[in-house]
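Here come two complexes built around chain A, the first alongside chain B, the second alongside chain C.
Up next, the complex of A and B:
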């Protein structure tokens, strides 16, 4: 994640949220990006008996087909982490743009935009995703697009609310009075002042993306077997939760650490931004 | 009430908890029952902190370091928490600066007033007090929420809340700041009546000497947390003993004093000309057939109460608000209604300065960047040339160049307003439209900003100065336009209008303006 431009001239204070969050994200990203090269075995090679217990050389035991859980865990993060990050970023950017348009438009246009968003909001992301995946097939790009689409209404709502109080401020009126363009006003005057809710929202969206994509894999509509994927691993091995719990708990833990880390960073940054904002009122 | 109702404050000290920096030190005074003490000071003098400390309260980050506040013979500083709370509930009251912020927006007025009703007392008490504070004692009013009331009504509700429990001490912290002069006068007289009627002791905090002169029996002048002068209002305000008090007095604009502006007449050339201007919001017309001219080096004041359309007028002229009819000409050339349709040169020639310097500077941009921005936006200069212009503008408004790298949050109100003016001056405008630029500032800062504007006028700048304060009009303007309900009711040379106002509305505005000389001894 990028540091906010918001607190220029003031360094970010390392609160415990930020320290823990950055550590968690670094660890899971390392696991996801470097892991595939470290995997001792292929992700599809059958090396033991189904749900076989841990043994030397296979520290987390074997999965439903007798494949090495360590290797699948190391290789299974890449798709989830990249897809979730892209979906959350895309959803936040598109949603923020719509929110900014709504906040600065006339009340009538604003109402039309918001009702359209309500329409999208009426379909739960997972239902929307199941519908499109069932029709068009489980392409990763399609899944990312649908999850991002699911994010836009709530991001737009948050941004519209936060920006609504900013666009009526005198410094925005002043910027207009010297003829500043709409896009410049938004990027230079408004967005820096709504960074704190925007960061929190991005953290939330990242968490929801991970949840949705993992859930789709779990339901069999996301990443397709035999590929390795944390969500898929939970789904495949769930029947052996009591017999070989490591094969389920390990991917769940990886997903949890990633999402909690993302949230702590978002919250830590938001607090930093809020503190510097607080001084200006 | 007996002498037991008297307030004795002895060596009261408040400090910042973090580093023990004193905020208020060694304040002592005694107040008799029914007496009103006015506390005057500039922002940062510790007057609000002192007011809260009288109630045994400090803001987070501060603590009472010593001294005593005796009310009815008991020292409230040594009371245990629950007894202090009980005392605050029944015998101490507080009216905050901004009632809009301190009333709960989600609860009805009636619900909030019932909360402070002493146990065993009937609802009649609420109706009685509402009548006393000049609000309709009706159930319709009680059913409203604070957001549905005007600023003046909210402040009356705030005062009613403070008065209903029949307190012995009431602390009022700038309760009229932000109200227009007419409403302010009504609130002040209300406070005076209530103290007389109930024998309530009141502490009235303000930076406005005219207000203090109107309500107080005794006056304490606070500077850096110390009372520098204390005595009967007539004594202190007629013949101030301390140089600091005198400098405060001199900073107050006067309705009758001589104006430096008018010693230097403007040139003949008309710069800005407004003809038959009309504007409104939706179907409501707020401005009708307004015409005025501003010449080179001239300051024209637009006066009116809140709701008179004076801000709409200035925003329509600058092109931030659409117009329904009429024309605005700059140097004889017609200006488009919307600022986006105006040429770069036109936008550059007319600049706007906002009322509230706390809201008009982007908090995430340094002072230097804010001042430089219009240069880049209007394509006037970049790089070293831009920096040179910024430096010159900062010099013109007497701002410390050190501040260029700071953020607005690090600046005082007066410094921010200078930044806002510098940001407009940096483009060498021909007309400056100033919307109540001094009303959020202390008197001494206001005086400094008015001085600055006078210098700029002398340099050939034309100023359209929107205000509600007749004394400021007298100080700064050559001509005055009185606006009421969106229509010009009177206009003319400032001297003539102030000496013999023709319209009744102008006379009301003038008599409601509190200048110190006119107010001392009124109470």
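Up next, the complex of A and C:
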């Protein structure tokens, strides 16, 4: 079932999770990034009656205002996927940095950092985002920032744990004593060893970023109408679920495929990490 | 064959010094209180101290100066921030959460029945999710790698990935409107009525919360039971000739109470995280939907109360789960 490892270096054993996951993510990204160019109609033009059934020019029917669902589906992924990817990347990078600092710092500084992270962790991500959006408005940069902030504590904890065991080793203490710069120690010794769990974490963060941002748009505090967005489409068209389910099911499936893909990639990578470290479950 | 007692791995050894675990616990709890206070500071700061012109934000751009000044005085915004925070905090701790700007009624009155509704929702899903996860976890651990185990793992991997409103909407499509119209797709009922008078309206939201919790929790139970089953302790019990089911149920399941409490706090926390979105999806009159409508109407006191309530409960549940897993070593990621 898994391909033999080829040669030296980190090549990944292709389990079914990774194959399905990568396929799912690729398909959704194509839909999100190439979709807007393939849309047959405009996303804001009213072309039929509200919640009209599918017809030859509009294969998924019409939404709440009579706009073409296919066009809105094709155009609705771009902001979501972009924002989610940026939020996940930002959260992972900043969280990893904080984790590295905490792992190499004195116990006092480490404790202070952990307490501050606990403060962020006290809020469910959606609630944290809603708190800021309520006062400052639904700006995309703000949403990306808050979602990224929500990721930092968990990523920092994991990196701190993984880096902690390396930092306490003798040769790191020796390197410090001869005056090697902290950044050199980190890049040469620590970071290559934490890349694998970090990749797994990034996959999970991507999954949760999509969930949070789509949920914010669903609640009406993310992407604003009349823009096309998968989360927004669900809330707009929910009222006629019994007569025109396609306008809701299509964006739901798009979001689902993306999040499941991200989760499968994270799972596949996690298994690979577990295998290379000699443990099997 | 030695006759020394074999301790199951689930029981923690005593600390080397008397009272050391208790001291650590007090330290953790103290730290937790500090975080709770910090949470209140953050909520207050963002909603009252941070915004440049709160009355204008609430009343809108075409309100006149007289109204804005009146609102500013009414909300006490002319006082220094520290004094505002202390009086707000004092009110929170004594149960006076201020007055709703939307309805003019005390916030505690507005939120009272909503808290009951949300609490009912979460408790019902907890009562189903915890025993179900335990059973599924033990069964799949005992029949590891069987078809059922793999199928359930795959299903949980898929469902865990879905955002809560996606899962909820899928359930509505499958069981509410399109495929099998069995349950009402909205859970609206008159305010003040007790939620358990409307069981049909509760099914879909409870199902969403339960599925989310079970697919996450049963895997923790499963890996914990696998650890125990693989341990030497169980090999020894088997060698002694104890039958399979006896081994499983009397020795592999330590004190059911502690894991159940831990499981409950995890389920509570997971449900709280999804509460806002799920209540919105099903139009369920709870704290989560109060939060989102408070944002829409700029009802700051209600917003403050909802966020504080949800965050404080979330933090307490997570802390309980953390403390229990640190003490009894269960479900470490």
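Criterion: the second predicted complex is superposed on the first by the 250 of 281 C-alpha atoms of A that agree within 3 Å, B and C clash if a C-alpha of one lies under 4 Å from a C-alpha of the other, contacts with A are read in each partner's own complex, and residues count from 1 in each chain.
The rule is short, and it goes like this: a residue touches a chain if its C-beta (ideal position, glycine included) is under 8 Å from a C-beta of that chain, and two chains touch if they have at least 3 such contacts.
If you're wondering where the values come from, they're calculated on a predicted model, not measured in any experiment.
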Touch count on chain A, higher of chain B and chain C: C
First, second, both or neither for A:169, with chain B first and chain C second: first
First (chain B), second (chain C), both or neither touched by A:219: second
Partner chain(s) touched by A:177 [first = chain B, second = chain C, both, neither]: first
First, second, both or neither for A:193, with chain B first and chain C second: first
Contacts of A:269 with chain B and chain C, given as first, second, both or neither: neither
Where chain A meets both chain C and chain B, residue numbers: 281
Complex interface listing, chain A residues touching chain B: 6, 8-9, 169-171, 173-180, 188-189, 192-193, 276-277, 279-281
List of chain C residues in touch with chain A within their complex: 31, 34-36, 38-39, 42-43, 46-47, 50-51, 57, 157-158, 160-166, 169-170, 172-173, 176-178, 181, 185, 223, 226, 272-273, 276-277, 280-281, 291-292, 294-296, 298, 303, 307, 310-312, 314-315, 318
Contact set on chain B toward chain A in their complex: 315, 318-320, 339-340, 342, 344, 347, 351-352, 354-356, 358-364, 366, 373-374, 377-378, 405, 407-410, 423, 427
Chain A to chain C touching residues, read off their complex: 17, 115, 118-119, 121-127, 130-136, 207, 210-212, 214-215, 218-221, 231, 234, 238, 241-242, 245, 248-249, 252, 255-256, 259-260, 262-264, 267, 281
